[in-house]
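Structure in structure tokens, see below.
First chain written, first letter: the chains are A, B, C and D, and each begins at residue 1.
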């Protein structure tokens, strides 16, 4: 494995933020995706959805400003932007499952070359595990971006031919943003859109468990 | 046929009003049922539901008091009682179909001895006919009271062994209030609970197309 | 960010093509998008596949579209006592209708909105509406399979909109409008009043902005027919 | 007319029997009926079949009921990072769980509320949650059949109730509460404030009184765990 710098979690979030179109309704999952709201490009307005019934979440609440009846899906007190609304959890998931959100950005354990996602349970982990809103969100959202490290701590690829972890959804992922690359899931297979600075497409392919299609040298991952 | 007085439509409504328990949530259908709200016994509070999204309808609006955004299912401007609420039509029918209403009082063309109801379309009538909320209401409501004349204008029974008119719902009617009798639909058949003043059970049976069960002389229909 | 506000009602509906599947809100005279319907009549869109509780009230509500013979098929619950233009087109076999129980009409649209692929209900079992539908028994109850109703466009009516598309409705004028707003690909609303973003309390929003794509100020007809 | 208002929280839950099927509202610490749960713990109801998004937060929310080993089975979406009492009971095989996608949990309860007998969804297809469920293809989409979830009792939390049972919720504390209110045979609500009939604007009612059977003033715990 090349011993070269990879993107930080914050940089993955920063890159993923560029996938959000102006005016989009967006759900952010646990982990790296939750960092994205700090990195929205100037001039872009997006509306954050929370599955407990909020559209138009703003920044996290500051100390002393918290109302514990106004929390995000991670139980963190948040604020609202002007034009926000509240609704019940069934309506919140009518939005996810019904395809009303423009983009969901989720964490991932594995993504297959067909776009299958595994992100809720590690095989052999003790305890019950928990699904939460991930399956509804993955199933219904038009564009699903997965943010994750390109490999596990042990160096095993997380982009694979077939997921071996318990699945969240079939053929649901649109784009994968990792610490090494931006990869699109297309009907003809995975397409390597960008690679991290100092990395080559061939090196990224070596750390990927499925075939990446690319023409010549893909451009470097942009962060802004 | 005995040429004796039958109850008026108002008296049918008055008798049916006695079937409403205190505190009940009630939907009233077109025709005779719509007269019921004028005849609630003293000391009884019921909450009227309208399928366009009102709970707690009050009396009809007086001239000059109308707001045409506040109408009942018959398009008549109405008022509200304290504690009323508005909701959308899906939630209004969640209430009907889900069994949340205590009583629905509907008009009827025919009721079968099993409690099947036909009340939306006359065979051979020209035009499309219209279902409206009747099927949802008949299907879901715990107690369905049907108000109708005992016979057609031609003298044919409207309480029958099998409905010949297009059906609204199967086995949905609890009680029938007519201008001649109060009849309960039970698992063992129709039970003649009360007969109109001056009428006998045998005379009512003669004008009924299905067997009525009764012990001795059923009591006279009470109106209060 | 794309603006949802249209100053010209004709511009707001300019891309509704012939053959569009369209939902129209309203019940009992209240909550009808009458100005949008009039604009559609002016534009001349034809071969419409309509979804609405009723089928017009004389020339008003959907009546004008039947009068002009612009609707080819309608899914409705209660055509209504003054749907004379519809009834004439029906008698002339110029329009077809699928009659649906009112609550099932709501649920089928909500199923489309919620990404559900069908549901079982006891409503309509043993009646004409069960014809041609899959029937089965679940937990001892006879039921039929009902399918989602989708649409390309919804024309709805609300009381207020902010510029993002958050809506409130007046009294019982919401009826079918919030459901149709959620069920159609493109929802176009006419409102009595357009208010600045932030002036509708987040707890009072009845239709969140995510469901609303175009907003016009209602001018002209409030009640029709 | 039967009064819905209870001055004594223990009296309000006195008839909840062993083995009851019970829904509990709340999400992310907000909107939990903590005082009702505490009363249930005092009463000692056991062998509970629970339905809730999560499985308690330390001793708080449902935690106390797992700690006391009162819950035998739970349908949940996300047990949660601090559901230690639940996890211990699960490891000891003293409780079983059905894990359900969160939106499907909502829809299954809503189906019960709405008198629907089942629905098809693509959510969960190809995953563990599809195990044992009927699968079919509708319009080219693989989907599974999901069944309604009913309950004998719902314990919910609201901000205000009038004496008839009309409810409002505060900010994002409504979450599962309005759905559970509609789905259970008997809905018991604890509220921050009880207000006179007529003081909640009919357009602002979030849960209509028809769904609410007993009302108690919340006293003591607002957030727990």
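Just so we're on the same page, a contact is a pair of C-beta atoms (placed from the backbone, for glycine too) under 8 Å apart; a residue touches a chain by one contact, two chains touch by 3 or more.
This structure is a prediction, so every number in the text was calculated from the model and none was measured.
> B-D versus B-C: which interface comes out with more C-beta contact pairs?
B-C
> Just the number, please: Cα centre separation of chain B and chain D in whole Å.
Roughly 35 Å, centre to centre.
> Measure off the straight-line distance from the CA centroid of chain A to the CA centroid of chain B, and report it in whole Å.
56
> Starting from the mean Cα coordinates of chain B and chain C, work out the distance between those two points in Å.
The separation of the two C-alpha centroids amounts to 30 Å.
> Indicate the whole-number Å distance between the mean C-alpha point of chain C and the mean C-alpha point of chain D.
The mean C-alpha positions of chain C and chain D differ by 33 Å.
> Got the chain D residues that touch at least 2 other chains?
Only 107, 110, 114-116, 121-123, 169-171, 202-203 qualify.
> Multi-chain contacts only, two chains or more: what residues does chain A have there?
Residues 86-87, 93-94, 97, 139-140.
> Classify the inter-chain contact topology: is it line, ring, star, complete, or other?
Here the contact pattern is something else, fitting no line, ring, star or complete shape.
> Can you name every pair of chains that touch?
Chain pairs that touch: A-C, A-D, B-C, B-D, C-D.
> Write out the stretch or stretches of chain B touching chain D in their complex.
22-23, 25, 45, 47, 49, 55-56, 80, 82-87, 91, 93-95, 97-101, 139-140
> State the interface residues of chain A toward chain D in the complex, per the touch definition above.
Spelled out, the residues of chain A in touch with chain D are 50-54, 67-75, 86-90, 92-94, 96-97, 116, 126-136, 139-140, 166-170.
> In their shared complex, at which residues does chain C touch chain D?
The touching residues are 107, 111, 114-123, 138-139, 141, 143, 147, 168-171, 202-204.
> For a test of understanding, state which residues of chain C touch chain A in their complex under the given definition.
Chain C reaches chain A through residues 1-2, 110, 112-116, 162-164, 166, 182, 197-198, 200, 202-203, 205, 208-211.
> Which bits of chain D are touching chain A when the two form their complex?
27-31, 53-55, 76-80, 83, 86-87, 90-91, 97, 99-104, 106-107, 109-110, 121-129, 142, 169-179, 222-223
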